[in-house]
């Protein structure tokens, strides 16, 4: 088992390297002089030269990459020109809301999606199955920010039940925290919930056709036991993959949702940095999120081994 | 593997192909959801082509005396804070979405097909390309798009570039896995043993089998492209104003949510219809063309 | 036999929908199984033997749209009319089933011990601990070495033969009165087959169970069964005690099956017999005798009218118009005639 984990970690290194290179290249695609873009048209030649020097723009591109990647490995993601602080500090200050938001969104998505997907599969072809799946299809067809805007229209503007925007940290009390995050989390989670529900249904349908389900029924087990103990556990393997992927998509989606609800998270930080052309912040935050995604995938792989004994024993 | 046996002997008789095609068409028409999807997509395509005939207002014309008018007989979807007609902005906005969607699908399909096929055939190339693929796919789609837009600057053509970078790996991977199943069949080994040329094997034998997954992927990528273009424009990093795009109309409407709900509701419905149509179509095509999911559903 | 049968199937019809319309996979099948006897159900694949066995426990998905007609009486109750809860209490308890492919029939993510014990817990209300002890005992009974450790194994850690032993242990864990074995040895290699058959016979004797053995392998039937039902296209075409069937078969299809058994005796120089033609599709059931198209003796009557299953001797029933005229034994050159006749009569 330990060997399996180690092998998986080693296989991630090239992916992480590609991630870093891609991230670096994208930011350095900026046409023209980044210093001029950052400082605007009023900047003097002296100021520009100073910034170029500070950013290392006078060095050849590969040594710029070398400097940057060495810094990254030491935990230095760069310097935010606009906020005048290290990128790591900027990210740290914005991390809490994003983690909270994506976790709540994921929990909402999984909590609704799996039971609904299972029910739909168990009653295949029924009106319930069809209406669930129609809803799920609608769910993957609506942009999350539009759902968010509509929720604000309904619950904040019309009914005045929830605040239209803003954020309160967990330290202000769980109820208060949730009051601000529930709408963003729902609007963010719907699409992933819909995807998970669709995957749950199709995976369950596939498993329900298997011979061992017939064996379980031939033993006289109750439908509930057959469904949840025998079928769902086997069906979980592709579902877990989708859940893992959904985490990454949620973090990405948080960029938009945080803007809609004015939540001071990583997403808002990235969008603001794009508008402010604070490139090192974008570079650092994007790298961090991609790396988080790679790690989540590792966890998913380890979870497979937990769910499926065949993986556990073959690879150890 | 019907198609593969046909291609190897090279005896695709016209009647056989026609019979198979008519079966596919009949099955497609029997799938109510897929038909609904294609009707929705066709409607949006018509709106986009016939935009000037559908509305008498210029989407950019400001009528200051008509600012923030709610939906009514003269302005079906109301007007925005500059007095522009929201209906005609939504109608013309479809052109941006369709243009972006089409271009992204064309570019990703072409490059993805190329990369996928060659990667499936040449093992060493495969190793390199798939590492790059994995790396690119490690970025959440919208985040990668935003990063690219941040570097290139907000412009519609840049949205197309960004989304093509984002979705080419998806296509390449789908094509590759379909191509590999062909490559590993015995008859390909036989052709190779008999001195068959690589290019011929790739394009005559492997490529035709990648068409179904390619078409399915392309449909879904079209849908994602529409959503992400709207998201980018909504964030101010996509199609810049005053050019109407569904995303930037929503962005204009966001600050006026309390006064002018119509600026938020209607462009959103337009996005929903388009994406729903594409998703329905994609699901339908997958049921039709992908034998694996077919089996699972029975 | 004057005793009341353990299982009494009367006019069973099983229909299910397919893409090309409803098919009747089992069409008016009647038979009995008595305690302590082994009944063989034979026929080519697609003849309805597996569907018959699944019909007994109604093991079709709720949404498959399967319709069952007739009666299946077991211990004085009709299995077809009882509620789902009632039949769930019979499944795995009074009637057990063993399936063909032990790899795909065992749940890959649960330990074999768990899979056997859950049946005991369900039907005997045993505690987890008691069930585990019983499970170990069952595994020992079916000849699995060091069962105390094996209970914690997953199916993929066992060989094919061991998996089938696990299936048998699972089927027998609640001491059923009737065991239905659907091709229990098909997926196994020959030496293991014999071991598994011996094991099944031994426990059958010990528990005085009735057993239905579904197979396409007449060699297995000869070894194990006391009575045989031959099925063709959803119907029973011949029913007889095993000796009678092998020595005096009355149905041309049975003869065809018998002659397709490979033998080890070197003196049989002729080629292995193959029944001419293909089994017709369930979508296009012939109006006359269902076997007429492939039968060397078929005449106009056979193509026009379907024969009934009639008495042909003691405990012997046959569904053939010509059963009295035909004296069927091995050695006839049937194949050529079949082709000619089919062409003239059906063409």
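As written, the chain order gives the labels A, B and C, with residue 1 at the start of each chain.
Rule of thumb we're sticking to: a contact is a pair of C-beta atoms (placed from the backbone, for glycine too) under 8 Å apart; a residue touches a chain by one contact, two chains touch by 3 or more.
Just so it is clear, the model here is predicted, and its values are computed rather than measured.
The greatest centre-to-centre gap from subunit B, using C-alpha centroids, is found for C. Highest C-beta contact pair count among chain pairs: A-B. In this assembly, the C-alpha centroid of subunit A lies 22 Å from the C-alpha centroid of subunit B.
A separation of 53 Å divides the Cα centre of subunit A from that of subunit C. The multi-chain contact residues of subunit B, meaning those touching 2 or more other chains, do not exist; every residue touches at most one other chain. Across the complex, subunit C meets subunit A through its residues 54, 57, 59, 61, 63, 87-93, 96-97, 99, 101, 104-110, 118-119, 122-123, 154, 156-157, 167, 170.
Only residues 14-15, 17-19, 21-23, 26-31, 137-138, 140-143, 145-146, 149-150, 152-153, 157, 164, 202, 205-206, 209, 248-249, 251-253, 255-256, 259-260, 270-271, 273-275, 277, 279, 282-283, 286, 289-291, 293-294, 297 of subunit A touch subunit B when the two sit together in their complex. Across the complex, subunit A is touched by residues 131-132, 134-136, 138-144, 146-153, 223, 227, 230-231, 234-237, 250, 253-254, 257-258, 261, 264-265, 268, 271-272, 275-276, 279-280, 283, 293, 296-298 of subunit B.
The touching residues of subunit A, counted against subunit C in their complex, run 123-126, 208, 210-212, 214-222, 225, 229-230, 233-234, 307-310, 313.
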